[in-house]
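Across the two complexes that follow, subunit A remains constant while its partner is subunit B and subsequently subunit C.
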Partner chain A sequence: MSVIAPKFRLGHFIKSITNDIFWIVVLITLIGIPVIFIVLFYIDLPVLDGELVTPFLAFTMLAHPELSIPLIDSFMNTDFFRIAIFPGFGFAALIAGSTIFVERKLLAKLQLRVGPFYCGKIEGILQLVGDGLKLLSKEIIIPAKADKPIFWAAPVLFVATAAAFVALIPVAPGWVVADVDVGLLAVFAVIGFFPIITVLSSWSANSKYPFIGGIRALHQMISFEIPLILSLLGVVILTGTLNLTEIVQSQTSYWWIIFLPIGAIVFFITMLAELERIPFDLPEAESEIVAGWLTEFSGMMYGLVQLGSYIKLYAFAALFVVLFLGGWNGFGVIPPTPPEIVDFGIQAGPISVDLPGIEKLTERTLNFSLINGVVWFVFKTVIVIFFILIPRGVFPRVRIDLLLHIGWYKLITLSFVNIFIALGLLYAGVLGPGGLL
Partner chain B sequence: MVDAAFLALSVLTIGTAIAALEMRSLIYGSIALMGSLGGIAGFFLLLDSPFVAMFQIAVYVGSIAVLILFTVMLVKRELIFQKIEDPKRKFAGIGLMLVLMVGIGSIILDSGLKTIVTDEPAVDYREIGVDFVTYYWPALIAMALILAGAVTGALVLARREDVEDEQRAN
Partner chain C sequence: MSVPLPPGLQLEKFEEDDKIMTLNVGPQHPGSGHMRLIIRVDGDYIVSCDPDPGYVHRGEEKMAEYRNYILNIPHLERPVIHDSCNILYPYVLGVEELLGLEVPERAKYVRVIAAELNRLSYTLYWLAIYGIFLGHSTMFMWPVGDRELAIDLLDKLTGARVTHSYFVPGGIRNDFPANFEDVCIRQVNYLKKRLKTYGDIFYDNPILISRTEDTGILSREDAIRLGTTGSVLRASGVDFDVRTKEPYDAYEELDIHTNVLKKGDSYDRSKVPWLDMLESCNIIKQALEKMPKSGSVRVKLKPNPKGGDDEVYKRVESGRGSLGVYIVSRSKPEPYRLKLSVGSFRNLICLPYLLKGEKLGNMPAVYWGLNYWPVEADR
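Let's turn to the complex of A and B:
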């Protein structure tokens, strides 16, 4: 590596730092604080201890971190937080982003390369930020004869559908965006939108390679949706419910993968096909048809499709965890909040910080079941994502006729075998309502 | 709230249905058809039956509409834009529609729909399932056999040995 700053002088360095600090202070004072205040006037503020929080009081609380605990508590219980941040989009996008980086590093290690290396000094940790900035600053090129409305809408719809999928996944007890009674059916309904978006975007590009890729994606997704749905019926038969939260609650003492391993394997293989990952990445086969149905996307449109496909990857891995690996269930790994912090605040030698409201926060929102559940859920999901990533470094791509043969003959047969195993366990009185276990 | 949702869904469903019939571009027509089918799913949601609504989306929007889209994309471009218009047929169509609407409307108004109590709890889909496998089992078996026969027949009809041998390398 070359030296980054050959003419380094300490005086210039200090001058640039003080200059930066000056401008940061000026901008925060002139723009940042008024913006925060205007926002505080427009949002609905909560009622704390029988007293409505005014914007002035909320501003005071924000300025004193130890006073803002009740505000954080009430913010974490809003719908906006659920949809945008924790079980919803932000959490999924965070896992999706780290999946992209981990995948690149992992594949590089598998193939004895170094992978992303220079961005961010330590093992290329800022590569993703760099890629994001690059995609944002690139020009969006639309083919001259493309069908523009559909072409523009397709990436946004793709991300929206992936986010709708994420909204159905329960992450911790009570922490799910949409707790619907027919959750699994809603998942099937959402999955059905992906082939439509793919084939429409590939048609609207009005180009050869996207269209071939889109037709391949359509064949693959439609034919693998059938074994996907059939392989999950075993779990539904044994639990007697379609609600994903209740399915997780039914696995407190044993996981369904113990009794339905065939269903789990079939679901995993169909998952790879639905996600268009190697060995089933025919729709984007980069050595045959440029980039498949993504060929004509450029700039942030490509970035959105990529984000959507990794969010979809997280959602499928999370669905596998919810259905077969017991969701958030697991033994306690997080110690409870020390009572002296709740009673007296933080005391470290001469420093003592009083934390009013932390008792309510740790009891109502950030309680043991949430933190423990999230730790177990993320741990299991990361393992499943790891198993989804590994085949990319190991397997070659299969031919389309072999792929369809696998889907229509073998996987459907295996998923029927799985259904009969579930029915046998149910009628033998081993599992299910009123069973032995 | 429900009234506003009902009105919006009605406008969506009927508007997209008209668009599906009237649009020149077949692709946009099939997208409009998807909107119409999705609107019907919305009606099922308003009627407290999310089970049927989800199946409506998964089967009709997710599969049937995709099949239509797929077929449309494989049709030749000249055939898509061929224009067949005849004022006589247009007016005949509108007249037929009016006759059908008036007939069906009078039947519905006569059927005692107004006396139905609407504030009863929604039927659980588990009860529907139990009814299907106990009281209505012959109908279920007959439907299953007909569908299996149709699928097998379609597969047999679609199978073409000559093309398959020609296309497969080695």
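Let's turn to the complex of A and C:
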């Protein structure tokens, strides 16, 4: 039996709107407007030129070119912008989404295939959007025996933890959501949450394959967390700080990967294991345990877990860049804004556009150091992500006992070697006062 | 009333021991074929494994008793459509002996070429599955893509990409198409070049070696005792290949090297079919050189031919090991009884022995390393 979807008719559509419009108006006026007023009461409105910017004034300013640029400037300096858009979730989700696309095309090229091709005019660029829409429209099936609250919460928690990880990454000078003095410790704490969420979700599903997958994930993450933490101690010893921003600032002349290559390699391998990527994708091993701890997730719950794991991938790659590849440091690639644009605006033939307030924007927010830093940071992160993606086309999956053997014997030994190298550099006076830096 | 259920019907048996969990690596599990493995695990270790084939049983043997010798051809190749020439080969040889037909010399060589191309196409398909079940997605895509070369040649030769129905009693259905030799040499050379690159990315891969080496070891004695055949037997150090031990058709005149590895672990079992594929390329080139350049390829057959009061057993080397057909004829146009003895089923027998005490992570490597094709085993 097949159900034919009813055809779209404009008349019916308009009728459905007019039927509901009464209730929409009633609900907006009775609930929506009071809510807006209550929320506005608690929001600190920005002050521009000694004038309080109310929402009404903000709308007026948007239509006014002289005032809109300062408005954008003040918006970019709010906490909301940092958390939701630029160094925070939106930026990370954008990189995560493009990583999925790049991964599929790259893997296809490795395997003599085409990859996504039809969705979107150019090389299947809209495939991700299509997949997302498909996942959104799918039914969410919860196993009958599942522990429902935990099962529902797990994907959301996963994305939230990944986003918390992103919040600690400094992207450009001064551009970090949470600039904590014990940034690296906070990173370790956030990483420690992932196995808990994995085990909770797999246990709450009350199903065999997720359970085995969850136990595997627990084994893998816990045994690789120790070398992960130890491999980063070398950097901490050399810089003498746990603040990620200061760690980046300490690498203006030399990147730590030059002095601590063993630590970088150990961190990269543990990173692959923490991310459950091939060759360490045992918790999701398809041929043994169906899809591991993801088996019972369906619809957008699965989509959320995927989004979370790719945000996690970006965060780990960014952490690698911050700790070993010098973060945003690099020679200038973007020329500073020419003074004539600031003074006279853009002139193209007969047309000239004045940009009043641009000097304020370029000085305070969109300045040279931000743009240059972001360009370098994204460039380095993309390279690290590329190296994370490549093993998927080259390696098969390792076995659980070999994985634990690698984690507990080889990587821990190597990370201790790395710590001793760092100590040796410090005591020999190569680094530190009077040294190279 | 206390008749114990047969193993296939025991869906979930709760153990007294809480530690042991029963896993149904069943027909819907992505890691199995059209069959089920009832695996009991203690943590990550396999306590016992009970293979449960029979999901795709089609009664090919019974069907053969109601059709005459020619009509049996299309349906007998259904169990292994990727290796259809090889599964038809012993049947056709047997019928020829029953009917007393002499096959023309050229047809013998063409048969060898078609059989070897089929072996290539089957083994590449098997290798693709083996690769993806070890988590190596590139090793899935490359063989499936390169398999097109062999399939394209078979398409030119027989007119069908998989179920060829190419061998008939008394020869083959049709001769080479024009220009086939040149195309064949070119594509086989390219395929051989591609096969060598598999060694770099897959067989020399340190992770693959660490994963499959010393797992599921089948000793030489056990391999013989359990009656395994084909690549499983040759990986355990037994030099047995029907093509060299009991040569049939044009294999007598060809120089064939049998690939034997000593250790008998999963790695060797995965490597022997690859070496066999390289050897197949050599055999095709040899056969193309040695074959008579012209001549008939088929003897005239009476309509509805009858065999005598006789029985015959013929076997050939298929992609999965020796494949025998036993035909009993009672002076009728149909065979009185037809029995297929297939390599897949014989190799499956050693699976419980190999998996016992192994880790669950070794299950795909051991299971697919047996070169097992569920449809053929069920017949």
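FYI, the second predicted complex is superposed on the first by the 379 of 437 C-alpha atoms of A that agree within 3 Å, B and C clash if a C-alpha of one lies under 4 Å from a C-alpha of the other, contacts with A are read in each partner's own complex, and residues count from 1 in each chain.
Note that in this section contacts are C-beta pairs under 8 Å (C-beta built on N, C-alpha and C of every residue); 3 or more make two chains touch, one makes a residue touch a chain.
In this text, all values refer to a predicted model and were calculated from it rather than measured experimentally.
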Exercise for the section: Based on the superposed arrangement, let me know which partner A:401 touches: subunit B (first), subunit C (second), both, or neither? Expected result: both
Practice task
Report for A:110: first if it touches subunit B alone, second if subunit C alone, otherwise both or neither.
Solution key: second
Practice task
Once the structures are superposed on A, label A:185 by its partner contacts, choosing first (subunit B), second (subunit C), both or neither.
Solution key: first
Practice task
Would you check which partner chain A:208 touches, where first means subunit B only, second means subunit C only, and both and neither mean what they say?
Solution key: second
Problem - First (subunit B), second (subunit C), both or neither touched by A:351 - result: neither
Exercise for the section: Considering only the touch criterion stated at the top, classify A:281 as touching first (subunit B), second (subunit C), both, or neither. Expected result: second
Practice task
Determine, under the contact definition given at the top, whether A:290 touches first (subunit B), second (subunit C), both, or neither.
Solution key: second
Completion exercise
After superposition on chain A, the subunit A residues reached by both subunit B and subunit C are 401
Fill in the blank from the handout: Listed in rising order, the residues of subunit B that touch subunit A in the complex are 27, 31, 34, 50-51, 54-55, 57-58, 61-63, 65-66, 69-70, 73, 125-126, 168
Exercise for the section: Spell out the part of subunit C that touches subunit A in their complex, as residue ranges. Expected result: 21, 23, 29-31, 44, 131-142, 145, 201-202, 205, 207-208, 210-211, 359-364
Practice task
Would you mind writing out the residues of subunit A in touch with subunit C in their complex?
Solution key: 107, 110-113, 208, 212, 278-279, 281-282, 285-290, 392-402
Handout entry: subunit B partner contacts - residues on subunit A that touch it in the complex
Key = 147, 150, 180-182, 185-186, 188-189, 191-193, 195-196, 199-200, 203, 215, 218, 222, 225, 240, 401
